[in-house]
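One chain, chain A, links the two complexes that follow: it is found with chain B in the first and with chain C in the second.
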Partner chain A sequence: MSNTELYTKKPLPSKLLIFGAVVTLIGAAMSGIAFAGDVQRASFGLIMALMLLISVGFGSLFLIALEYLVGADWSVPFRRITEIVAATSIISILVAIPLLLNLHEVFTWLRPELLQADKYVAKKAPYLNETFFLVRVIIAFLIMAAFYYIFSIRSFKQDLNPTEGFRKTSAKFAALFMPVFAITISVIAMDWMMSLNPKWFSTIYGVYYFAGSVLAALAVVTFIAITLGENGYLSKKLSNDHYYNFGALMFAFTNFWAYIAFSQFLLIWYANIPDETLWFMDRTQGEWMILSLILIFVKFGIPYFALLTRPSKGNPFRLRIIAAWIFFAHVYDMYWNVGPEYSKLAGLKGPVYGLAELAAPIITIGLIAVVFYLVGKGKNLMPVNDAKFKKSLDFHL
Partner chain B sequence: MEEKILHSVTGIFETPDDIIKAAKGVSSAGYKKYDIHTPYPVHGMDKAMKLPWSPLGYVALVLGLTGASLAILLMWWTMSVDYPIVIGGKPLFALPAFIPVTFELTVLSASIGTVLAMIIFLFKFPNTSHPLHDTPYIKKVSSDKYGVSIEASDKMFDLNKAKDFLHKLGAKDIEEIYWDNEELNTVKTIWDKKFLGGLVMIAIIVGGGTYFAINKLVYMTPFNWMMEQPRLDAQSVPVYFNDGFSMRQPVEGTVARGWMPYLITDADTAQLSDAKYMNPVPPTEFNLNKGQRNYNVFCSPCHDYHGTGVSRLKAANKQDFPNPPSLHSAKLRGWSDARIYHVITKGQNTMPSYALQITPEERWQIVHYVRTLQRAMNAKPEDVK
Partner chain C sequence: MGIEIINEPSVIYGKPSLASIDDAIIKPTNEVPSKKYFMALSVTITMLLIGAVSLGLTFYKGTGLWGLKNPVGWGFDIVNFVFWVGIGHAGTLISAILFLFRQKWRTGIARFAEGMTIFAVMTAALFPAIHTGRPWLDGYLMPYPNQHWLWPNFTSPLLWDVFAISTYFTVSFVFWYIGLIPDFATMRDKLAKNADSITQKIKKVAYTVLSLGWRFSNRHWSHYEMMYLVLAGFATPLVLSVHTIVSFDFAVSIIPGWHTTIFPPYFVAGAIFSGFAMVQNVLIIIRKIFDLEHIITIDTLEKMNKIILVTGMMVGYAYGMEFFIAWYSGHEAESFAFINRAFGPFAWSYWIMVSCNVIFPQLFWSKKLRTNIYFMFVIGVLVNVGMWFERFVITVTSLSRDFLPSSWSYYVPSLIDFGILIGSFGLFFTLLFIFIRTMPVVSIAEVKAVIEGSQPTHHHDDEGH
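Presenting the complex of A and B:
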């Protein structure tokens, strides 16, 4: 049986592009209206959108590297989907540009009057200054672009003319990717989100964002994979056992996120040092306290029990609902990270939500759909020439 | 040959794919009591054997929840009820701090409990033997072959049919496995006297051995780092500071906590009548009672319970300790409180200082009591009214 018999190409429907474009435009319009009203608030909304897009895109690159490194079989049929979704990391530049023009609106460390007032922030100036920030942002995007080329584009080419030893070189790049990824995603998390509160210290914040990012990427890939599989875009040989592993990984990373989030809280709560507690003080006062408690259930409690049993992981229908839930839990998590900083800056007591904040997930979803259509158009949706492809379709638990 | 009871029929397969096919075949043929043996876990076996969901998950859930609640209960009781100590300014019931321990206990009791439940209920501990043991079949399937055994206790079992069936599935080395008579005749339960006795023996030996090993063989001083730390030994040269001290000197004029230096000497007692040396302790009932108690303890042996100066000390051992003067003399009644305080603190001639035994507050309380005694002995006319 040749690989083409295992998988027949079915072009993506243009409905997807229309859907994506409409949703993106709605999101962009919402954000635009928000910008017209309050540039600061709209910028905070865009930070959430940026962090979501990087989560999904960069997290997908991580999933690809992980597959090569551990030599996983089950995920090979879905790798092409992950490779396409990884393009969101590049497209996130679109969201970064309006932000880069309005950096002074969001980052208090860019306001000299504040720097003088706070000697701790002033001491961080060698890291937190505009030039170095821009340098880091550019390097981070270059790194994402480079690995998008290495993992995704090389794999796309593989479909047309297979190269010998493709897996081996990819695995080597994956090994290089891991430490680079660890540093880059930490820097991204610190630069865009943690520095919203420049006084704050937390050494685990990068890992926190990483845990959430992998969850978000997994959720998006799972959702797309199950939807495509159900509508006959993927091989008929895929079984529930393949999808089961998405559930298992999401379960693992749900626990990992809870572990990291709790560790960050426990250590800061226990040591009780003002430079560290201030961030949690913002999130445990007044209405924010309720939102913080909700986060525990939304991002940990509910996915945990929803994914705990074996049947729930083996049932693609349920898995897709949980994947959507986890994606929105990550949206909520980003809001929980960014929102209080805006409220504090704007002198508000509690949380605010409106066009500016809602635009973030809408733009993200729209852009993912558009990117998926544009990149995936005319390509095989499964890596048919992968050495492991045939074997991976036979995978069972 | 004596009559033997058949346990099962076994067949050997060569590859994991074959055994999956065989498992599917046996389960769809309707056999219920059969088993598959493989040298390592073969993926997809559960489904091929149509195994129902294992109930062990529920055991783990219940035990995990038990462990979690026990942990919380233990910490709540010890930390907030039985021996409440404020640690790091945290509340007595500091939930975040309890979560790691709760998590550990959940995992621990769930995993240990599940393994025990599996051994006791599913493996029917202490029954450790099985007819398949010590057969050529089990030797093969535990090294490099895969095997099926169909048990004779299955409802639809028929020896020849089963053999034919295995043959059709492609099995090799089809064998009949018989019960060992000894296995059949010995019934093992947990309540077996020998087994329980063995458990007790093991407990005693392990407990005793551990006690001996830890307390005698490898005894280690607990917390010896205070002894091991760099310190100044007598007759040795201090190494930490160049000035020859092993500790830093306190800042000039430093006063120890709760202690005030008493600078007045016998030479300048005259100033003690000054108003600024007033008795700082109010003459409340509580203070008088304490004064009385301490006077009776410390002063009465020499000064008598009423301050008359008839010394019990002298009466007791007839030694040459002088009787002290009466505390009711006009001189003493004219003294200020601080002057009496001074005598207690510094002593006077043969009377020793009580500064070490009696705290300043207690001294002032005693002074109040002495005043009460004086007043009682020298009542003014208006006191009698």
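Presenting the complex of A and C:
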């Protein structure tokens, strides 16, 4: 029996493109209006959008590499979806460009008068300077593009022309990917978010962003996979047991994120060194305190209890709602990381949310939809020529 | 079509009969141990005695016999403690986390690794008990009702350690014992036919009591499997929590080199790293001596080596990140602490740590090397040396360079310190040697479930295997 009988290609509806384009345009318009009003605030909004897109795109590349490395079976039917979503990492350049033109608005370490005022920040100049920053940004994008080619485009080609030993080479690249990914995602987190407060430092920050990114990527892939599966775009042989694993992984990474976030907080709170606590001070004063407490429930409490029981993970209908929630939680988390820095810079006491901030998740959702349509159009939505494809459809818990 | 078909190798080599699995695993517990066994045992007991004498002297004279002096007030006691707790991490990771990840290759090694966890945690627990130098006061370490506020400091991570380790030990022990019950029953039944000699009779009574009336009934199995799953769920966060709290011992303080936020995950990765290296080392010897090469296969060892490689790189990431942030922080004390580690008086220990933990394990990228028994054994030993030195580097380099340069000094451990270190290895291996002669080192029931053809959902496709 050939693999093509297990899956019949059904083209993506063009309404996906229309939806994506409309949402992206709304988001872009919101951000544009925000830019017209307050360039600084709008730029902070775009940082959130950039961090979200990189989370989803780069996180997807991580999920693909993980599958090859551990030899998972259950995720093979969904790997094509992950491969398509991974294109988000490249499209995030669209958001990065307006930011790169306005770096001085967000990064105080680019302002000489502030550099002089703080000797600790001044010492960081060899790392925190415009040229080196741009070099790192370009290298990070090149790395994402290279692995997008290695994992996704090679796999698309595999559909038309099955290549011998495809899995073996992919697994080798996956092994290479992991250390590169670990360093790159940490640098991205430190460059774009940690350095918003150039005085502050935390060795775990890269791991913190990594944990959230994997959650965001998982949530997006889960949401798309369940939606496509329900509407008959995937193989009929998929069972709830396949989807169950998304729930289990989201549960694991929800706990992992909470563990990392708690470790970071506890150690800084306990040692009580002013240069470290300042970051948490910004987030625990005034209304920010309420938002910080809400974060615990949004990103940990609710997903934890929602995913704890076996039935909730095995029920795609519930799982999709939880996935949407987890994506929302990551949006909130990015706001919690970026927002207070804007408030402080603008001399505000509490949080602000308006067009500039709301544009971030809207642009992200719109771009994911557009990218998914444009990249996925005309392609199989399952890796039919994968050596494990047939076996993976038989997966049962 | 040019599609590759992937057949994964079976976890167990060949297709041994069920009875032959029983026999192969039970054999070490039935025969009179060889001369080599007694020789090995006498070595470990000698080591244990060296430790006991060192401890006796410590208790008689006081901890002044150790190499501790200001400003290095923490030396081998904490280094050995963290080292042994780390060794105790692989067992529960293999038995609980890999179980939840449905990794069948864990089957051949889970029991043994769990046993090592228990003995390693016991060895580790020795150090908090002795580091006060007043073992007669150890009763106060135990959790008990606190109406009189005899535990003055609930914000001390040293106290959290007591909670974390006693919980970890309890859950690991129950997990291990639950897994052993069906195997004890198998051993009991195997003895039933010819229980005539007195040793056989004693054994039979022992295994009968230990098997808690297990009758292999369907109901027993369904309870057992549920219990196993629940305990795996409990044990999983404990794997993370124990070494996290051990890392808090250092990281909540403000000592440069100790206070860094990456410590919790970094310590956990390091613990898994060293634990796997130790399990791999001991398994290599066990599978050879007891002819279990078809059950503890080279594929399993290779997978362990891959985990050693991955966790080694995680540890390397943490070393790098610490170093970078120490500079990035802009604080002289922070950057000095790390430059002092790498180029100060203890640079030798730092470079032992880096080469053993980060550089040598990179050789496992080569499939040829990570499937070579001798080579992997050497790397496993090096990893454990490196991980012991990691704790040494963290503890000693930071303390020896106090905030006041006038109090800086060099730490020299005393002979008693080494005696206790040797004793801890003696205790661990003595317990291990007793274990392998009295209990099944591989889970008989679980191995039977992974031999080819025993799975209920077997493939029946036309491509064949």
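Convention: the second predicted complex is superposed on the first by the 397 of 397 C-alpha atoms of A that agree within 3 Å, B and C clash if a C-alpha of one lies under 4 Å from a C-alpha of the other, contacts with A are read in each partner's own complex, and residues count from 1 in each chain.
Definition applied: a residue touches a chain if its C-beta (ideal position, glycine included) is under 8 Å from a C-beta of that chain, and two chains touch if they have at least 3 such contacts.
Small disclaimer: the values here were computed from a predicted structure and weren't measured.
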When chain B and chain C are modelled together on chain A, clash or fit: clash
First (chain B), second (chain C), both or neither touched by A:His396: both
Per-residue contact with chain A, leading partner among chain C and chain B: C
Contacts of A:Val207 with chain B and chain C, given as first, second, both or neither: second
Chain B versus chain C as contact partner of A:Phe156, first or second or both or neither: neither
Touching partner for A:Tyr270 - first (chain B), second (chain C), both, neither: both
Among 23-31, 77-85 or 455-463 on chain C, the segment whose C-alpha atoms clash with chain B after superposition: 455-463
Contact residues common to both interfaces of chain A (with chain B and with chain C): 266, 270, 396
Of all residues in chain A, those that touch chain C in their complex: 1-3, 70-71, 119-121, 123-124, 127, 162-167, 175, 178-179, 182-183, 186, 201-207, 255, 259-260, 263-264, 266-268, 270-271, 273, 275, 385, 387-388, 390-391, 394, 396
Touch list for chain A against partner chain B, complex: 241, 262, 265-266, 269-270, 272, 309-310, 396-397
Footprint of chain A on chain C - complex, ascending: 1-6, 8, 101, 155, 237, 240, 244, 248, 251-254, 259-265, 310, 313, 317-318, 321-322, 325, 328-331, 365, 457, 459, 461-462
Contact footprint of chain A on chain B as seen in their complex: 43-44, 46-47, 53, 57, 88-90, 96-97, 99-100
